[in-house]
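First the structure, in the form of structure tokens, and then the observations on it.
Per-chain numbering from 1; labels A, B, C and D assigned in written order.
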Amino acid sequence: MTSLQFDIAHLLAGGMLVLSLLLLYQDRILATLNVFALQAIVLSLAVAWQAYVQGAMHLMVTALIALVVKGFVIPAALNRIVYRLGIHREIEQVIGAGPTMLTGLGLIALSILLVMPVNVGVTALAREDLAFALAVILLGLLMMITRRNAVTQIVGFMSLENGLILAATGARGMPLVVEISVAFSILIAFSVFGIFVFRIRERFDTVDLAALDRFRSERSTLQ
Amino acid sequence: MAMIYDLVAQGLQMILVLAVAPFILGVTRKVKARLLRRIGPPLLQPYRDIWKLMHKEAVMAHDASWLYRGTPYLLFATTWVAAALIPTYSTGLLFSWSADLIAIVALLATGRFALALAGMDVGTAFGGIGSSREMLIASLAEPAMLLVVFTVSLVAGTTQLSAIAEHMIHGSVGLRVSLGLVLFSFIFVAIAENARIPIDNPATHLELTMVHEAMVLEYSGRHLAMIEAAAALKLTLYFSLLVCLFLPFGMATGDKSPLAFAIGLAFYLSKIMLLAVLLPIAETAVAKMRVFRYPVFLGGAFATAALAVFLLFVSQGF
Amino acid sequence: MTSPLTYLLAIPAAATLLLGLIAHYRIGALLNVLASGATLVAAVALLFADRVRTDIFIIDDFNIYLVILTAFVGFTTSIFSATYIGHELEIGKLTPVFLRFYHALYQAMMAAMNLALVSNNVGLLWVGVEVATLSTVMMVGIYRTPEAIEAAWKYFILGSVGIALAFFGTILIYLVAQPVIGEGLPAMAWDLLLRNGAAFDAKLLSLAFVFLLVGYGTKIGLAPFHAWLPDAHAEGPTPISAVLSGLLLNVALYALLRFKMLLAAHPDTLNVGAIMIALGLISLIFSGFMLYRRRDIKRLFAYSSIEHMGIMTFAFGMGGPLANFAGLLHMTLHSLIKSAIFFAVGHIAQVKGTQRISQIRGLSVTHPVLAVGLALGVIAIAGLPPFGMFLSEFMLVTSSFARQPLLALVLVAGLLIAFGALVLRMQDVLFGEPNGPAGGVKASYIPLFVHLALALMAGLWLPEPMVNWFRAVAAQLG
Amino acid sequence: MPLRIGLACVVAYLVAAVLAVVIGRRRAAPAVVYGAIVAISAAGLGSAFFALVSGDLNTRLALPLGLPLTGGALRIDALSAFFLLVVNLGGLAAGVYGIGYGRHERSPLRVLPYIPAYLAGMNFVLMADDAFTFLVAWEFMSLASWILVLADHRREENARAAYIYIVMASAGTLCLLLAFGLLAGPHGGYAFTAMREAAQPPLIAGLVFLLALVGAGSKAGLVPLHIWLPLAHPAAPSHVSALMSGVMTKVAIYGFIRIVFDLVNEPASWMSLIVIAFGGVTAVLGVLYALLQQDIKRLLAYSTVENVGIIFVGLGLAMAFRAHDMAVPAALAMTAALLHVLNHSFFKSLLFFGAGAVVHASGERDMERLGGLIRRMPHTAIVFLIGCAAISALPPLNGFVSEWMTFQAILVGPQLPHWGLKLIVPTVGALLALAAAFAAACFVKLFGTVFLGRARTAAARNAHDVDRFSLAAMYALAALCFLSGVVPGPLIDMLAPVAHALVRARMPEQSGIAWLSIVPIAASRSSYNGLIILSFLICSGVLTATVIHRFATRATRRSAIWDCGYPDPSLVTQYSGSSFVMPIRRVFGAALFDIRETVEMPPPGSAKPARFSLKVFDPAWRFAYGPGTRAIWTAAGKLNRLQFLTIRRYLMLVFAALIVLLIVVAAWR
């Protein structure tokens, strides 16, 4: 692999990481959706590049799925939901953007710390990708737990899964990647569908327990 | 032949204690009366009392049970047997080994058990008071008594009364501090067990602090006679126990000749007479205690005995 | 390959499609039972067929009895669910429309679990576990009551995160294997991995295991990844609670153990034993305490499942022939007994019309047979003789106390705490002045008592081949 | 051969249990089941006795059941043979009693199946020769008795008792489990033979000893592990209470002996010190608790605690002497302990049967509501009186013999070359004397309040004697109390092989001694002859009685109570049980219990009655168990919040855990 190929792969992966940070930074739903769509596109580019580099054309399918489903369909769907359910547009963050960013940076440091010592036999490309992918995953998780809002949590989950795809495609010649990426898209479709059908607004997160007590006699044991 | 001789000796001892017991009681009463500037009853009064009571008809409550009737005899029997098993004028009598010191104490406990039950039989308040206090005194006295036994057996290496007596006579006992202490606490226990002042007052009947007399309140006639006799026997028993444990000199140990027996008998009688005189003197010196002072009294006995044990350890070296 | 393996996977898969089409619930239930029975036959047939080993599938000492166990519990549960669901329809808690999905999903789940068990490919293993999870998510939400949906959502979200993390771990496994074994399928074949394990990069392997632990640990229901488990058990239909506790947790644990073997084969990896011991003890103690304040009887036993998963994890973390043997035995027995308990609890909840413990009293007066069933179940799950779980706990406690006294003391304390809670609740339910309806119960006792009988047998006598399997696997688990 | 019979007995018991389940509802069921129990336990008794006297012992039997690969091992040695004797004797008595008593059982299905199962469990414990079999049987025994405690499950306190019981029982089992774990070692040598061979380092031995003390002690009712006992034993039907108190505690003691004397068998001075101290304390506290009870059966249960204490003192002395290679005294102490095991099983079963009869006849367990039963139930009164006298260690009954032997062992104590022991032995001796005195007081109170005096309630007034099966059982046990009290020699000789197996020595041969008296160590030292004492008593008593009746008068007149001329006809003025113990309570109790006495004295002139109420609490609850349970409950409450977090917070937990693990990996090199 030439250094150019490596640099491009590196650039794309790094781009995803930056976008993840950007996601954490957003405080308006629609903007979040746009950033996510952008990340998905970058992902598809990265995957496509990997396909080209590894000469594994079947990865193109994954790239295509990423582009179409995550780049356009799901953001659009989520947009629709936001309008339909009249979810108010500001994201209530549990911790402010600043601390979140700092935590995110810490996570990135951790992931690099974890992956860099690994060098036995693993190709540099895979390793770089791995570091970035791990970072993206952790950031996705972070986003899920720092946002009180259903849609943004789905977005967080999806960016987490972007990281997965990135790692999977980075692993040279790994079987089943395409199938799994398809499976993940279905999973996400489910979640979006779920939000829509079950009318889970903030409810799925801040389920007010008082409402549940009527059904489930557990809480009365608290006092 | 020898067998019969032994049997006779044993039988003699049984008769002896039975015969001498009321007299001892009489002596104590007489001495006490004298000390109190009274004439006092004649020395043989106790015999007369028992005789008279025996011939009176026994009056019993309507719902008195067989236990009530049986108890006096059981009490009398246990006390008598116990008294008969203690060496008086001679050691190593035929049946002396059939009960050691502990067993004798336990025999007395049997009698007490029966009497306490009898006290509760007809269901009066007085009987209950008596029984309950009797059991309290017993529970206070028995630990001290056990420590006494413990010390003595530690000195003599046995709990067999004959053996102890012989050891005290022949063995190189010397004058042991711990034996003195034990004697002290033994006397305390004996006072408590025999319902003497300051624990109890055998002379009165209608005093709320009474113990033994309250238990037997309902008894009359021959039953009462048995109980009185048993009380007298018990006093004698403790006297002879004291004699046997602490001043057994003069007892017939080696040869079982009639002469030796006679000497032993003389010594024995004089010794218990002495005790019978000493007891009322001590009694007149002190006053009756409240029930809840008993623990102090007998606790003192216990402490002394315990001290004796530990001193003994020290003197023997651990 | 026309080995029983084919049928093992094909029958449930086919049944899934077929059941999806059938609306009538009696036929559906009947088909469900038949399909499960056929699967069981196929599974048993595996015993007599020669062992399979390809890059995709494998049958070895470890999974052969688990396959049979899974098929067996699946079968008995299908019988139970037939009567149970019938009752649910009568009282109108379920509608036939959803029942169609119910049966289809049931078979789908069975198929997925079988796939996970027999797959030699770690990717396929992952796929199996995940499909099984998702199908159960659907079934948990099937009552469509608010709390059921709540439970389903919790399950879904936490499950998905678990899925993702486990997948990342799988990728790492591939990455660590690929340089040694080469690209493509072989680099994901478990037995090849095990063979070349020593050559892998220890660091990356440990990292992979951490992700697998968290990912599959979520499925196992180890604290603190357990949150979905109690609600999913409590709110879903009871047959699903039975298979969740009885099978799915086992399968997830099985997956984890496969990877544990990899690390055990490697000399200088992270000491995962310690981590597993820690997680196990945390789960045990935590659930032990949680048992005390439970008001919902199904949730109670859900927590007891967490407890037992903790015990197993502790055992495997301990390692060594005895502890591993105990862990494997515990796995088997737990799935038998816990599902039996849920059978009993399901009927009890139906006859009493409530899941609230406080509203069920004096069951031994109103429904003696059910009471005996529940009592035996709780006695068995509490690890009292003569049931088999006593054997496993006996081995575990004795062996670990000889090696790690303090840890064993913690274990014992946890066992005692949980025991106290379980017995307390059981006495509440079984004894005292009876309340609630005393009406007759339309229940199928066979599954319940068959399970208990098996658990009893395990306590008194284990069949020879089983012992050999356990020992072989225990040796591999290091 | 005895082993096979024993195994057959266990199987037969289990069959009987199943049978009971099947026919439980029939009217004839109790007769059938109890009849079966009688037959089986008679067989077991016979074989055990035969094994003990003929020395046909140490036969082994390997079962295909139990632990995988090794299977279960069974063995009967002298020790287990003796305890089999005890167990089956109790079973026999309970069976005979049950034939009559069981007729009145309200819900037989809750009792009938479990008694045979219970007996099977106890038999099996004694035959087990590997840790697993032992514990299975042990826990099976606990389970069966737990259900029996729940026989009358509608009473709230019974459920509570059963709960405390089962939890304590399994805690004890876990302790034994740990002990066996240590003995077996990491490679799992679970067979007792292997454990015997493995030489344990002192530390391990000590640890095993402590665990065994706690594990077996909690089942035997050693203070302060006794709390379950007075709750659970009375809750069960009376013949089951008899089994639990008279037999099961003995099985627990067997467990202790088996581990400490057989499997480890390296007693050290400090161990014996602990055992002796705990034994003494248990004896005194147990009987003090007993004194303060008003419930007949609970009183008996507490007195079981006392006797367990006495037995443990004997065992501790045996350990002490063994630790210092004083073989003969060790044999004496051990024999005393074992003899007391046997004796206690006699009179405690007898007393519980009597209590059962009283409870059945009057429907009252509170002795303050009884009284005067000696006239309503003469037979029960006689046997109960014998039981009371025996348990109060009065000559010439059996209780005295074993306590006397214990005292003899104590008197040898000072020869021990160990400071601590030297000092504690006399102290414990005093404690035992105190316990004996208390026991006498306690049973005077019991018998006096229940059987003597005047009936306090209509229930007591209309009581009637029980059926003849129950009476037969009670009379038989009373006879045994007499027999083993009067001629204990043969029993002591019977125990010789047991003592020899445990402490490598035996007491001097008793059968040769003249006049059938017993000699613990040497005739010169001490001896006791119940036979002569008894005959003396009878002779002198009868003699005097006849003399008086013959030559004096035998006239008797019945009249009203005299009571110092102020008789009070009302029934409540008689001494009640609690007023009987008042002095002892004031003197000893105040320090040891938390006793709440409240007196409501109405002002002069008001018509209200004065009220006196007394509450006695077991301090073990106050200081140990209460706080413990509260702690668990609060902890559960605090953790319970985790049930109600939001999904996001749950995700946080996952995330945090993941990060921690990742940091661990990163930090690990």
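Just so it is clear, contacts are C-beta pairs under 8 Å (C-beta built on N, C-alpha and C of every residue); 3 or more make two chains touch, one makes a residue touch a chain.
All of these numbers come straight from a predicted model, not from anything done at the bench.
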Smallest count of steps, each to a touching chain, taking chain B to chain C: 2
Measuring from the mean of all protein Cα atoms shown, which chain centre lies nearest? D
Quick one: point me to the chain whose Cα centre is farthest from that of chain D. A
Distance between chain centroids, defined by C-alpha means - chain A, chain B (Å): 99
Taking the mean of the CA coordinates per chain, how far is chain B from chain D in Å? 35
Between chain A and chain D, tell me the centre distance in angstrom, where each centre is the average of that chain's C-alpha atoms. 69
Separation of mean Cα positions, chain D and chain C [Å, integer]: 44
Among chain D residues, those touching two or more other chains are 637, 640, 643, 647, 651, 658, 662, 665
Give me the residue numbers in chain A that touch at least two other chains, ranges are fine. 114, 141, 144, 153, 204, 207, 218, 221
At least two other chains touched by the same residue of chain B: list those residues. none
Contacting chain pairs, sorted by label, are A-C, A-D, B-D, C-D
For the complex, give me every residue of chain C touching chain D. 153-154, 157-158, 161-162, 165, 203, 206-207, 210-211, 213-214, 218, 224-225, 227-228, 230, 270, 275, 286, 289-293, 320, 322, 362, 364, 368, 379, 382, 384-386, 390-391, 394-395, 397-403, 408-409, 412, 415-417, 419-421, 423-424, 427, 430-433, 459-462, 467
Could you list, by residue number, the parts of chain B that touch chain D in their complex? 14, 54-67, 73-74, 76-78, 80-81, 84, 95, 97-100, 102-103, 106-107, 109-110, 112-113, 116-117, 120-129, 131-133, 135-136, 138-147, 149-150, 153-154, 157-160, 163, 205-206, 217-218, 221-222, 225-226, 291-292, 294-295, 302, 306, 309-310, 313, 316, 318
Interface residues, chain D side, partner chain C - complex: 64-69, 109, 131-132, 135-137, 139-140, 143, 150, 153-154, 156, 159, 162-163, 166-167, 170-171, 174, 177-178, 180-182, 184-188, 190, 632-633, 635-637, 639-640, 642-643, 645, 647, 650-651, 653-654, 656-658, 661-662, 664-665, 668
Interface with chain A, chain D side, in the complex: residues 637, 640-641, 643-644, 646-648, 651-652, 655, 658-659, 662-663, 665-666
List of chain C residues in touch with chain A within their complex: 121, 123-124, 127, 130, 134, 145-147, 149-150, 153, 156-157, 160-161, 163-165, 167-168, 171-172, 174-176, 178-180, 183-185, 187-188, 201, 203-204, 207, 234, 293-296, 299, 356, 358
